[in-house]
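When the chains are written out, they are named A, B, C, D, E and F in that same order, and each has its own residue count from 1.
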Amino acid sequence: MTTLRDYVDKKVAVISCDGRFIVGILFGFDQAINIILKDCEERIISEDRSIKKVQLDHIEILRGDDIVLIGEFDTNFEDQFESGMKTDPIKPLVH
Amino acid sequence: MDFVLPFEIVDKCLGSRIWIKAQKQREVVGTLCGFDADLNMVLSDVIEYQYKIDGSIEKTHLDEILLNGGQITFLVPFKNGPDEVLNKQINQSNISNDVNLEIEKEKSNSD
Amino acid sequence: MNLEVKEPIDLVRLSLGEKIYIKMRGDRELRGTLHAFDQHLNIVLSNVEEVLTVIEIDEETNEEIMKTTRRNFEMLYIRGDGIIAIAPPKRF
Amino acid sequence: MTSKSPSDFLKNIIGKPVIVKLTSSIEYKGILACLDAYMNISLEQAEEWIEGQFKNKYADIFIRGNNVFYVTPQKKRNLQDL
Amino acid sequence: MLFYQLFKSLIGQTITIELKNDIMITGKLISVDQFLNLKLSDVQGTDPKKNPILSSLKTCFIRGNVIRYVLLPQDQIDTQLLKESAIKEAAKIKEEERKMQNRK
Amino acid sequence: MSRRNDFKSIDLKRYFGKKIEIKFLDGRQIVGTLTGFDKVFNIVLEEASEYSQDPSNFFQVTDKLVYLGLVVCKSSSICVIFPSEGTEEIANPFEKK
């Protein structure tokens, strides 16, 4: 069965339907894939493909319908981010 | 003012004109001939209004249609649509509770 | 296999193994051989050609021009909620 | 005769020329072969009209119900078929 | 059930998924559920130059309804079996709906 | 433990006879007196008016009100419900200073 159980209390990255990329600790989830993230930081990807890290000082609650994917974040990927890696901006999802 | 059920109102509107506000800036006016639990509706003597970005309105006349209930946003029973309602310019600065909202009531002969 | 079209979806069933045309949201059109479908219209096609039509504004003339891009896939699963219409073979 | 419920309306127009208007404003004009509870529709000898321009012709076509805005009988058979 | 079974038969295979936001992801399929949510391991952007950010994911869970296409390994697909199962399932669904109608 | 079969996230009875506003998924917004609803939250308003939409940007609502009267709202297109009383517009917190 596909479950998020093995992601709980782990650092995850979430892509939302409006194209946001948020990294945080998965605090909880339910069957509708509504999720709660704490210690979140958002990776803002701008037109010039550069990535900026922004600390969020709140707990992020995301509705399942607004989620594209949830991934287990590879923490030793951090230095790649520091090195000014470039990536395409994430487009909003069109149903 | 007693409690009314939404579908009871729609049922009472059978045979009368109904103004339907639909998704994607569309409106439909027609005589309600029938409907089902999903609010799919059969309408006759229909006018379809399509509001455009440039402010123009495209009107289409149709004899009878089966309208997909999934496209309905809300319904205005017993009303004959945008052409009948005089656009009231109701000035109202903001919704804050201390400003008492002056809505000029126009008792249309709705029944 | 009963060959009668009693429900719209029968039209899809009768096209199994045949080349079909699919119109999808986002101005996409697919042509390929139909191998599987379900009541949600999830589909598997093989030897697929996808045509994507994009409207671009030409900077100088500010006119709208239609540009099409094509992609091919050997074997493709398509999620049904993006499908608008399906036309069976020998008919397009 | 104005038909009553949606299913009555459908019984009356099966086999008749109809116009199916989609939420994207594309129109399909053809003979209504059958229709189901999800408003999935299959048409025969269907013409596809986009922004008032004839685009394609299909001997048979299946239209997925969630894209349908309305179905209406065609007032008169269009000349192309005669 | 047909496509749930199809994806279950592809567990362990490498597939590419195109999402409705145009992102393309490649990875090894590790699980699927009845909503056709998919879980991949060894994840990367299909074109790593375009979205290297995806390589920051060890594994990832993708919601079924955001998927546009899944590119399937042709040699792993038995089209004859697929066709027969599609016909069987269509008949079963029709049967169930007919029973529902009679009961109304 | 009694099984709660229909979890009520909002108890509309509290607003019966009061003026409420409804925003819909397609950007429309109306205000009216709540006079009825059903268990899936289709809603009936009386003496309702619609905030007309800015034709150039349909998700922007103007202050111009158009009187409608009796209105039945379809639950699947409702986005937000709030009472008029006790609601006020605040400055946009996300505006870049």
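In the analysis below, a contact is a pair of C-beta atoms (placed from the backbone, for glycine too) under 8 Å apart; a residue touches a chain by one contact, two chains touch by 3 or more.
What you see is a predicted model, and the numbers here were worked out from it, not measured in a lab.
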item	value
Between subunit A and subunit E, the fewest steps along chains that touch one another	1
Of B-D and B-F, pair with higher C-beta contact tally	B-F
Whole-Å separation of chain centres (CA-atom averages), subunit A against subunit B	42
Mean-CA-position distance for subunit F and subunit A (Å)	32
Residue numbers of subunit A (touch at least two other chains)	94-95
Residues of subunit F whose C-beta touches two or more other chains	none
Junction residues of subunit C, two or more chains touched	7, 9, 81-82
Contact footprint of subunit B on subunit F as seen in their complex	16-17, 19, 21, 24-26, 28, 30, 33, 35-38, 42-44, 46-47, 49-50, 52-53, 55-56, 58, 63-74, 76-77, 84-89
Complex interface listing, subunit E residues touching subunit A	19-23, 25, 31-33, 37-39, 43, 50-63, 65-66
Contact set on subunit D toward subunit C in their complex	22, 24, 26, 28, 33-36, 40-42, 56, 58-64, 66-67
Of all residues in subunit C, those that touch subunit D in their complex	5-12, 21, 41, 80-81, 83-88, 90-92
Sites on subunit B touched by subunit F in the complex	1-7, 9-10, 21, 23-25, 39, 51-55, 69-70, 72-79, 85, 87-97, 101, 103-106, 108, 110
